[in-house]
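Data first, discussion second: the structure below is written as structure tokens.
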Amino acid sequence: MLKGIPSILPPELMKLLMEMGHGDELLIGDGNYPKFGQPAENVIRMDGHGIPEILDAVMQLIPLDPYVDNPTMLMAVLPDDPYVPTIWDDYRKIVNKYEAKGTREIQLEKPEFYERGTHAYAAIATSETALYANIILRKGVVVPK
Amino acid sequence: MLKGIPSILPPELMKLLMEMGHGDELLIGDGNYPKFGQPAENVIRMDGHGIPEILDAVMQLIPLDPYVDNPTMLMAVLPDDPYVPTIWDDYRKIVNKYEAKGTREIQLEKPEFYERGTHAYAAIATSETALYANIILRKGVVVPK
Amino acid sequence: MLKGIPSILPPELMKLLMEMGHGDELLIGDGNYPKFGQPAENVIRMDGHGIPEILDAVMQLIPLDPYVDNPTMLMAVLPDDPYVPTIWDDYRKIVNKYEAKGTREIQLEKPEFYERGTHAYAAIATSETALYANIILRKGVVVPK
Amino acid sequence: MLKGIPSILPPELMKLLMEMGHGDELLIGDGNYPKFGQPAENVIRMDGHGIPEILDAVMQLIPLDPYVDNPTMLMAVLPDDPYVPTIWDDYRKIVNKYEAKGTREIQLEKPEFYERGTHAYAAIATSETALYANIILRKGVVVPK
Amino acid sequence: MLKGIPSILPPELMKLLMEMGHGDELLIGDGNYPKFGQPAENVIRMDGHGIPEILDAVMQLIPLDPYVDNPTMLMAVLPDDPYVPTIWDDYRKIVNKYEAKGTREIQLEKPEFYERGTHAYAAIATSETALYANIILRKGVVVPK
Amino acid sequence: MLKGIPSILPPELMKLLMEMGHGDELLIGDGNYPKFGQPAENVIRMDGHGIPEILDAVMQLIPLDPYVDNPTMLMAVLPDDPYVPTIWDDYRKIVNKYEAKGTREIQLEKPEFYERGTHAYAAIATSETALYANIILRKGVVVPK
Amino acid sequence: MLKGIPSILPPELMKLLMEMGHGDELLIGDGNYPKFGQPAENVIRMDGHGIPEILDAVMQLIPLDPYVDNPTMLMAVLPDDPYVPTIWDDYRKIVNKYEAKGTREIQLEKPEFYERGTHAYAAIATSETALYANIILRKGVVVPK
Amino acid sequence: MLKGIPSILPPELMKLLMEMGHGDELLIGDGNYPKFGQPAENVIRMDGHGIPEILDAVMQLIPLDPYVDNPTMLMAVLPDDPYVPTIWDDYRKIVNKYEAKGTREIQLEKPEFYERGTHAYAAIATSETALYANIILRKGVVVPK
Amino acid sequence: MLKGIPSILPPELMKLLMEMGHGDELLIGDGNYPKFGQPAENVIRMDGHGIPEILDAVMQLIPLDPYVDNPTMLMAVLPDDPYVPTIWDDYRKIVNKYEAKGTREIQLEKPEFYERGTHAYAAIATSETALYANIILRKGVVVPK
Amino acid sequence: MLKGIPSILPPELMKLLMEMGHGDELLIGDGNYPKFGQPAENVIRMDGHGIPEILDAVMQLIPLDPYVDNPTMLMAVLPDDPYVPTIWDDYRKIVNKYEAKGTREIQLEKPEFYERGTHAYAAIATSETALYANIILRKGVVVPK
């Protein structure tokens, strides 16, 4: 643990977040997210945690990409599924705390989301049980003080 | 995730728990537990979790050693420290759910505890913030049905 | 060994089953299953065991994918082969114990089966001697209690 | 699988048995055998199998050391334990099939057995549930025809 | 060395032969066989040995594939080369000892042979000096007694 | 780079600082610090940097051990060396910014310092050119907010 | 550190610079340079340093390729961006000290620059904060005295 | 060092030369030969040596391929370059000592040479300073006495 | 294979022989030589070969140490064993071909021989079946011509 | 190759020289130097080179330790050996070019020299044929300009 760093973040994840540059993406998958949708390397397990608490910790450290329209990607609800993913509202509230422009999200169809996830620089495997909770974040530019 | 397995358990930890035999020990350290007190290998990070919720999941899977007097080891409070580690009561309640004979604990002096911890087969690094919360469990005999 | 976990399961397989997500597939091959039909990594050897006893242990832990028509894949009997794979009935009985909807199987032609097997997340190499005994399972969604 | 080779033997174990020379030892441990009593390398898991079926396969391939008095080592029953390890009779019958002079066993006290086990060239981790079932075999001289 | 196993076989080769399944192929190359014609992994060196003595040992352990017309592949003599590879007769005699149907060989043109060799599951590098002595074997189905 | 994290810190060093627990030590050596005085692993190179700027970044993240008298160790000036290490004053000023009790330093004789350095959990190799600039920090307890 | 070698250069970078031949390229990226634009291997971190001081050290050791028109590549300013990268003037001054013909630079569009960067033999990750500061150098022929 | 083996040859190179078969190629590059023209593996550094002395040692051990017209490949002088590579005469004299038919060389255009070099089984990195000194040798058939 | 190099020598062994210096020792063990008597690394398998043919090839390349009285070590016949190891005469004849002073052997008691073997720089595992055939060679000084 | 760096130095050696600090030692052994006298890691082969040319290149880069009486160690001539190692004069001339105080050498008895060599941070294996040519250098303090 370190002063001022959320204790929920594993050291290896911290290292990956620091290595990511402008435009590199981070995938946070739910508890049933398939291996075939993950990058071949840099998968960090955070079993027992839901996504919101992780998202909050990550957003304290990384800015979203201001140069693209949609730096946040969500998995679109299937056409015939009446489910309403209320967890997205939690995501929006969390991101709003750190980003003036908010999530500026886009919804990707399931196969497209999986395909995009495999190109992420890093991924976090969680135990989130909410449906359609998977999220991809595109890192912006960090400006040291 | 698997049916009936606590989702808090990382796959790698599950593998290590299965590999442990009768008399092998598991160390669960708090958020400030030093590296010099851990085994050289098989350290699983569970950042963001307290020890009680991990202990509860582990105790569902492993029995304590019935052949020794003290299959549970705690770190003794320093002589001049008035602190009362109430988390031990939580441990006792959790263990009692799974073990008829309870924790049958012993308190080890700090240096002895660190020394013992380095010989554990596996260790879990947590973010537990309670003081004197470190615990070592000695695995018993599993009898398949 | 652990309480409540079938002792037939190797720790490394347990780890892989936990890592698998929704839609990831598991290949269980017979004693003569070729290497060219297996995934490049994550092949667990279970020499000396037939497939039914392994299938029973695996099905206690993973649900089948409810979102596809055929979460179970078998290798189709060759057109001119009069052999009747009675072991399939064993498979159906075993799966029925754990899945209300049963195997909902499909038969894949031999080359297609091999091709599919190479994309499985994990494979088990057994000593099963029955013909046409190879099977692929597609994992569903685990919902923690 | 190969012609004439017991299908229960994993390829990696076969390799280790071939590498062993005169006087090298093989440990076969039960389902609760501790990691601290095993060699640091060359541990082969054979989950789901009892020791007798493994012993039978191994004895088809290796001779016992004829130059020592006790090429077979068993773990002695604790002084105050009335348990009678009938599995030893199974061992004796199996060994007698392959060795004219039989097991010529010696019983080692528990700590001595663990200590000796750590020096074995290879070890097999089984799911044997019988008590006092652990066994160490000392390989003899193979004379090619 | 083991009882009943030809002492010429290296432990690592034995392991590979056991891992091979129905349809997997084994390449045995002569002393000048190029690296570019070998598989990327699983190349076993048997320097100082000719191919016939190795072939004899291998054929004691693996059956040829009965489901294809040509489970044995030889490298065809170049069109304008008057050389007669008499070593092929040795191969035929050796194989006939173990296979009722014999080699049922096919000759592959040099480039095709090299191409096929790179897909073998394993290869043996020998010191054979006879010309056109390279051979590929396709493993059949092993039926345990 | 991350928001709020000094950009001078390499990701791998950040990971190591997070892994360190209470009582683990960090060695920061000058540009001529010998390999024989460093730990066998976890050596991070920060060529081109002096120690003060690194110390400042590190002290933003780790507390010093409040349970020992001397959580900071310096290398004592040789008895017959008139050199006055003014860089120590820089160290004291930097540490005072983050620690109410200051460095509470002790000076170790050269051989003792080297010996202690080999037991550090991590080391930083710098290009510091000031004499007697080597420093060892003993990490304290981090209390999450 | 070595006599006459800039102390800012990490040993591993020195090794890579020596391995590079005529026509091999070196990428020096700013603090937000993405991982997807870097080569898969040979990425050296030089956190806390700006590019000019690194460029100066590197140019002392490597000549630019005299056989191509543009041995230096810069990332072109986006069409609608009024930003003027004054750091390029620093680069030109530095290179002029070591190369009679100067940088002879070309500007590559952002996507082309990233694509080219992935083919570099080595890359340096810096903490440079100036915009459009990324640079690729193409090594020339070294003629020993 | 060994009796009768040129002491200039590194043990690792000797191993690679022995592994090469008929038709495998060896690249010997000059001191500025680029990494992008070398094979991904098996690059042996022989810093401080010119190519002729290495060529002489290598030619004592490997025959050139008698089945192709041009077992030796040189890098063609650029069309507008008046340079005459006199080192080629040295190569011819050296090869003539060991090969009755001489080098039977062909000149490859620069890009073609680099492309071919990447497919060599092994490469030697030298400090040769002569221009157009790079050479590729194609190994022939070794006939043991 | 290479010109003038015995084809029986594996490339890896050749590399090890070249790496050995004055006073380094080579162990050649029979088919039942135990692993506990071998060095931890650098064990080359030469299954299917007897020791004399290997010894002849090795002696073509390495001189024996002229500075010690006994550069050749044999395993002494047990006191009560009437066996006469006639293979030693073969060894003496082979060595005499290459060494003017012959083997100048010494016999080591079994335990001493095993102990010494573990310190050898390299070992060869053969299929030699003669008794008391193990041999250790101490390399001398190679003088290049 | 790099500008101003002796081309005889391998990149890996350059890296090791840069990593060495004050008091770390470098061993340069002759062509028959034994492996048991070398460090376990960091051995660089420079086959085909004598020691003087290497020493000259190394001394351009590293200073000798001014804080000890004997920063250079040579292997003492055996008591009854009339040989006069004239190569030492070459060493003294080379060192004098770079060190005002010269070699300030000490002679170590053979066993002591070997023992010391194993503790060197790095070693160079040469093809030097002169007797008593082995040398150990103790690195001093580098002061950047």
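In this document, chain identifiers A, B, C, D, E, F, G, H, I and J correspond to the written order of the chains, with residue numbering beginning at 1 in each.
FYI, a contact is a pair of C-beta atoms (placed from the backbone, for glycine too) under 8 Å apart; a residue touches a chain by one contact, two chains touch by 3 or more.
Predicted model only: the values in this text are computed from it and were never measured.
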Other chains in touch with both chain B and chain F: A
Topological distance between chain B and chain E, in contact steps: 2
Centroid-based (C-alpha) most distant chain relative to chain F: E
Furthest chain, CA centroid comparison against chain C: J
Approximate Å spacing (C-alpha centroids) for the pair chain E, chain J: 51
Length of the line joining the C-alpha centres of chain F and chain J, rounded to whole Å: 32
Multi-partner residues of chain J (at least 2 other chains): 1, 6-7, 9, 11-12, 19, 31-32, 127, 142, 144
Interchain pairs in contact, sorted by label: A-B, A-C, A-F, A-G, B-C, B-D, B-F, C-D, C-E, D-E, D-I, E-H, E-I, F-G, F-J, G-H, G-J, H-I, H-J, I-J
Chain F residues within the chain A interface of the complex: 1-7, 9, 11-12, 14-19, 60-63, 142, 144
Interface residues, chain H side, partner chain J - complex: 1, 7-12, 31-32, 45-49, 53, 127
Chain E contact footprint on chain H (complex, rising order): 19-24, 119, 121, 141-144
Complex contact set, residues of chain H against chain G: 29, 31-37, 125, 127, 129
